[in-house]
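Everything on this sheet refers to the single structure shown next.
Chain naming follows the written order as A, B, C and D, and within any one chain the residues start at number 1.
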Amino acid sequence: MPAPAQRSINVGILGATGTVGQRFIELLATHPYFKIHALGASARSAGQPYAKVTKWKLASLIPEAVKNMTVEECKPDAPGFAECGVVFSGLDQDVAGDIEQAFRAAELAVYSNAKNYRRDPLCPLVVPLVNPSHFDIIPHQRASLGLQKGYIITNANCSTTGLVVPLAALEQAFGPLETVLVTTLQAISGSGYPGVSSMDILDNVVPHIGGEEEKIEWETNKILGGLSDDKTSFDLHAPKQINVSAHCTRVPVIDGHTACVSVKFAKSPAPSVAEIEAAFRDFRCEAQELGAPSAPAQAIVLHDAPDRPQPRLDRNLHNGACVSVGRVRECNVFDVKFVCLIDNVRLGAATSSVINAEIAVEKGWIQ
Amino acid sequence: MPAPAQRSINVGILGATGTVGQRFIELLATHPYFKIHALGASARSAGQPYAKVTKWKLASLIPEAVKNMTVEECKPDAPGFAECGVVFSGLDQDVAGDIEQAFRAAELAVYSNAKNYRRDPLCPLVVPLVNPSHFDIIPHQRASLGLQKGYIITNANCSTTGLVVPLAALEQAFGPLETVLVTTLQAISGSGYPGVSSMDILDNVVPHIGGEEEKIEWETNKILGGLSDDKTSFDLHAPKQINVSAHCTRVPVIDGHTACVSVKFAKSPAPSVAEIEAAFRDFRCEAQELGAPSAPAQAIVLHDAPDRPQPRLDRNLHNGACVSVGRVRECNVFDVKFVCLIDNVRLGAATSSVINAEIAVEKGWIQ
Amino acid sequence: MPAPAQRSINVGILGATGTVGQRFIELLATHPYFKIHALGASARSAGQPYAKVTKWKLASLIPEAVKNMTVEECKPDAPGFAECGVVFSGLDQDVAGDIEQAFRAAELAVYSNAKNYRRDPLCPLVVPLVNPSHFDIIPHQRASLGLQKGYIITNANCSTTGLVVPLAALEQAFGPLETVLVTTLQAISGSGYPGVSSMDILDNVVPHIGGEEEKIEWETNKILGGLSDDKTSFDLHAPKQINVSAHCTRVPVIDGHTACVSVKFAKSPAPSVAEIEAAFRDFRCEAQELGAPSAPAQAIVLHDAPDRPQPRLDRNLHNGACVSVGRVRECNVFDVKFVCLIDNVRLGAATSSVINAEIAVEKGWIQ
Amino acid sequence: MPAPAQRSINVGILGATGTVGQRFIELLATHPYFKIHALGASARSAGQPYAKVTKWKLASLIPEAVKNMTVEECKPDAPGFAECGVVFSGLDQDVAGDIEQAFRAAELAVYSNAKNYRRDPLCPLVVPLVNPSHFDIIPHQRASLGLQKGYIITNANCSTTGLVVPLAALEQAFGPLETVLVTTLQAISGSGYPGVSSMDILDNVVPHIGGEEEKIEWETNKILGGLSDDKTSFDLHAPKQINVSAHCTRVPVIDGHTACVSVKFAKSPAPSVAEIEAAFRDFRCEAQELGAPSAPAQAIVLHDAPDRPQPRLDRNLHNGACVSVGRVRECNVFDVKFVCLIDNVRLGAATSSVINAEIAVEKGWIQ
């Protein structure tokens, strides 16, 4: 792999006309070495210029470079995809399973934002600021499927991602956590477009998001756990899983999931509030060490103001690639409680996949 | 006391031009036996017609009966108040302390929505659907202050009120609770008018409400506890306080505080989800038994739909005098978790005071 | 027809599970003489209890009386509809045309909220506070179609309705208008459910509502015009149509369409602002004279405060059956400008149909 | 004046802690040649670090360079201001009059966002994309006041600014306009902080903004008019003023004022819709020709989509320095109607002042 400035890696985007696909385009249009080379969407859109078949919903213009690119079907042998070694998938879960598998089978590296393979025992579930070590299962994934180069890497659910970054900082500094109770206040963009009806959310809270609580409760242990010594399985936070309970709600916020978190450490006495704040402030992650261009300068921004983080004011920090944390204080019931915030459409979605791929480049999983 | 249909009791309203005062007027304008006889506000407004000095902010017209009533100063010897035995106080905390005390000292019964006397060891903190038994401390309050008729009854913080009603149902059915962890999503109206700046809350969440978490954590034990045997003190949930931890947030909702609650019972094994749902459904309270006209037909409305209660759709049930509960389910960390909702400007504020006063009429504390 | 207290008229609701259908149910469940006797929906829902197939979206509980009523297909010979002489239609435009025609052909009186027959030269387009005289074309409608009893009455587009009520007051007092320029700020509920995506409207304005401007520009002249002398055609405001130009926008408001209106009178000099305010204040309409139970006590509420009407505060006046007007002032360009507000889901939809039917009862068109 | 890359001009900011002041800081912190050298606020804040006394409300961090700058009083002889030749004023109107005059009297160039001097017969009211020619009155302003270097330049009201840019394009292409009728839907940020109470605007429209309609109706003619031949007075669009009528409303949008505009040209026949679209598309302005670094690449962005511009999606185009226009179509009443959008906190406020100052640098009014 040449030095970053010399690199140029063709990538394709699956589900390019959708909400997550648009974010991939926005991020990759100015990427230092990933070059958008193929745009995949449904057969209905294939063959037409991107701008014509896309209802662009971002607060920026469609990048000139993709405006007139011809959309292709999401097939590995479509001309554009045939020239890519890497694809980013913003596909909906109802089609992601088959299509991503087809691309992997065709020996492509698939960086997926869909939920389909998150619980797969062969597929890493990588939050780029937390567990890039899980890439090490790729050889086993390939071997199990008889592949040379293809693999699938998934990123986590958006609200899980926002939670595990500060939890990772705590475990890194103070050892295992025992209990996590979290209530999320999630943005409407988490549900895609058209997603949440305005009739359901204006002047309202919907205290339920289908399947979301289970995702947080399950994914957390896969992400914060390690690999078996032989790099063939995930240990799911062995020897003792973190006991996670989640309440998920939808609120009238466009972007940015807020979470109120209470945690209990395994060790006693627990660290002090000041020690915990220092751990958040000092947290460094491998993505930064590796020099991934989209990794945030700070993985965790610790806020001093007593009423921060707030989604509207803080979701944009570090281009939406960090997690904001604030209000660290003692909890009457557990050891400590705090508030955290993630930009669900960036670090909670497309940005995670892009940083994951950047890490993979540095580690040699993309060549 | 005559039968309800024959009753007519003059009441005054302190802080009548403010947000809570407007709610008192709305409720009392059509009350079967309380008659609005005096309206108190600042010296600046005194002497003028109510409609002229009030920026009326409710989605209803100012009741005709009060439109032209002359506003008085909040002094017990003002002509209107001199003819009242009962006042409802919607005063702000910065003036409520002195004024309410003056009215009590002048031998009036004061039903206060302010926080000033909530922690007072002589003053009941009464959520009308939960602990009217605390009225029994009135003789001791009077005796301690050398009064014959005057006393102060406070109602609870709005978010505390929404929480303790379902907790009371659980304790009534299954014995003491040990632990409560609650995250609130509170409406802007909780902060009065002008209150929360639109710049702070549109497309946003503010994860902090000054003093609110402490109120919930403290008031819960006073309300759910009992009185000493000699009716001279509050036992604060003796022998063992409930361990309460609260996260409070402000969300872009006009009226209706939502809470996500996880609880642990003292007894083990804990009741099942079905038993808990039955306890919510069957909960009956003394305010209903006494026939308080403003008491809700159901104190707790249990919702079956998986995405309810929602503030916009459910805050209006039973004229905002009930608490809605839904999503009762097992909690990985504690025994059970659920969502509850209160109309913060009605049961969470003025309606509580009115039902408290109705209970007092039935029990003979207002004559 | 017996006296109102003795009346009982079976009515059916077409499209009963939809947004407008739910409003019909809410209004009719407590109606003094219309009795809900049949609920029509798609074949998919037919045969099942109403509560089971309906995602009820109103801030009130489903009326007990309809909860368990069996939904039928929208066919005039369905058992329930066969016992009705009147139906209210909340059908979507894509099915309303055929179904309403079938009911009319089966000799039912159809009160429709759909747009399909609004421009039909045989069908009255009746805003109940404005032009009940248009009912007089019913004999010609029946005769043209060879019917004895059946007919279709439509009500107007919601934003047109809010506009023509104050315009009618002006024409009644000061003679014909020449020019009307109106900009609407329309609520999301005007688009039904799920309707407007929250991603499109939170923190946003959408300056376009498909077909809406044309409806306002066209319907106004049909409604404010009269009938030919022989009651066989609409004169569309002969001899001279009002020149109407509309800009329609969608804003993040749940219910209540606001309109900013500038008008020019045919006569010169134009009336003064004070005269116009008096005309609004004194406006009386035939629906009130006839004693229609759902007609508002005031057809137009004129607001004095300089910042009213506002949708959240004023849409609920007179149960949403009136139009609010405010800020009457001189216009640099035309004669006068003002703001008006209508509850689009009540007077702008179901309430209009119900008052129309009440008028029809009084006039003998429903027996 | 050296070439741009060599320039470095010290500037001060008056009202630096307020809403507009924060925008000035955000814009100037990265400016190619204006250097923030002094920050002025009230006596209460003076002497303290900027970050300590400022409730920063932008969705970006406080620029490092100003965080620890010491705030000074708004006096021309304060040490920081004494070293500036130029100040930008984000002062509130209640103090702007005296303070700006003091700075001018001290021979500074004052670029003001306040309304105080907009109608002053000596002060230019400059929308940088429209009428930089009005700078030519500066010698007369100085002469009248006996000054050598000091002067005041104001920018226009935010909603006026959004309107006059497309109007200027029309007049430039097709000659004078005769009539303009405009309805604005204005963002809450236009009212500063705390500004609009959330209780007033959530789920609501407020159809009144004090003084706003008069500003639009008056300022338009000053801006679109020229100077007298001797450069000593404004001709207010002589020989014939445009007849402007405005309706102003506040809507729940954070940033971005939308306007629905109908216009009539003096010449007849009026240009076609296609000609008008071309005029918008082709509009070039002097700020661009002069190379002002903050001038937008396009002064007017013409949108093709039928539902654009929208504030949330389009306010950010060209860093908020352009005006978006869309929905150009024939008007039944006048010649043509369209929708326009301005970022009220950028081109509608601080950005205008900054571009004005950049123009002044190029024209030699700042040295």
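Everything that follows uses one rule, which is that a residue touches a chain if its C-beta (ideal position, glycine included) is under 8 Å from a C-beta of that chain, and two chains touch if they have at least 3 such contacts.
Because the structure is predicted, anything quoted here is derived from the model rather than measured.
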Of all the other chains, whose mean CA position lies farthest from chain B?
D
At what distance in angstrom does the C-alpha mean of chain D lie from that of chain C?
43
Per the C-alpha centroid definition, the whole-Å distance linking chain A and chain C comes out as 49
Centroid distance [mean C-alpha coordinates] between chain C and chain B, Å
40
Name the residues of chain B that each touch 2 or more other chains.
57, 200, 202-203, 252, 254, 312-313
Looking at which chains touch, is this a line, ring, star, complete or other?
complete
Contacts from chain C onto chain A in the complex sit at residues 57, 188-189, 193-203, 252, 254
Can you list the chain B residues touching chain C in their complex?
57-61, 202-203, 254, 312-317
Write out the stretch or stretches of chain C touching chain D in their complex.
179-181, 183, 185, 200, 202-208, 217, 243-245, 247, 249, 251-254, 256, 258, 260, 262, 306-313, 326-327, 331-334, 337, 339
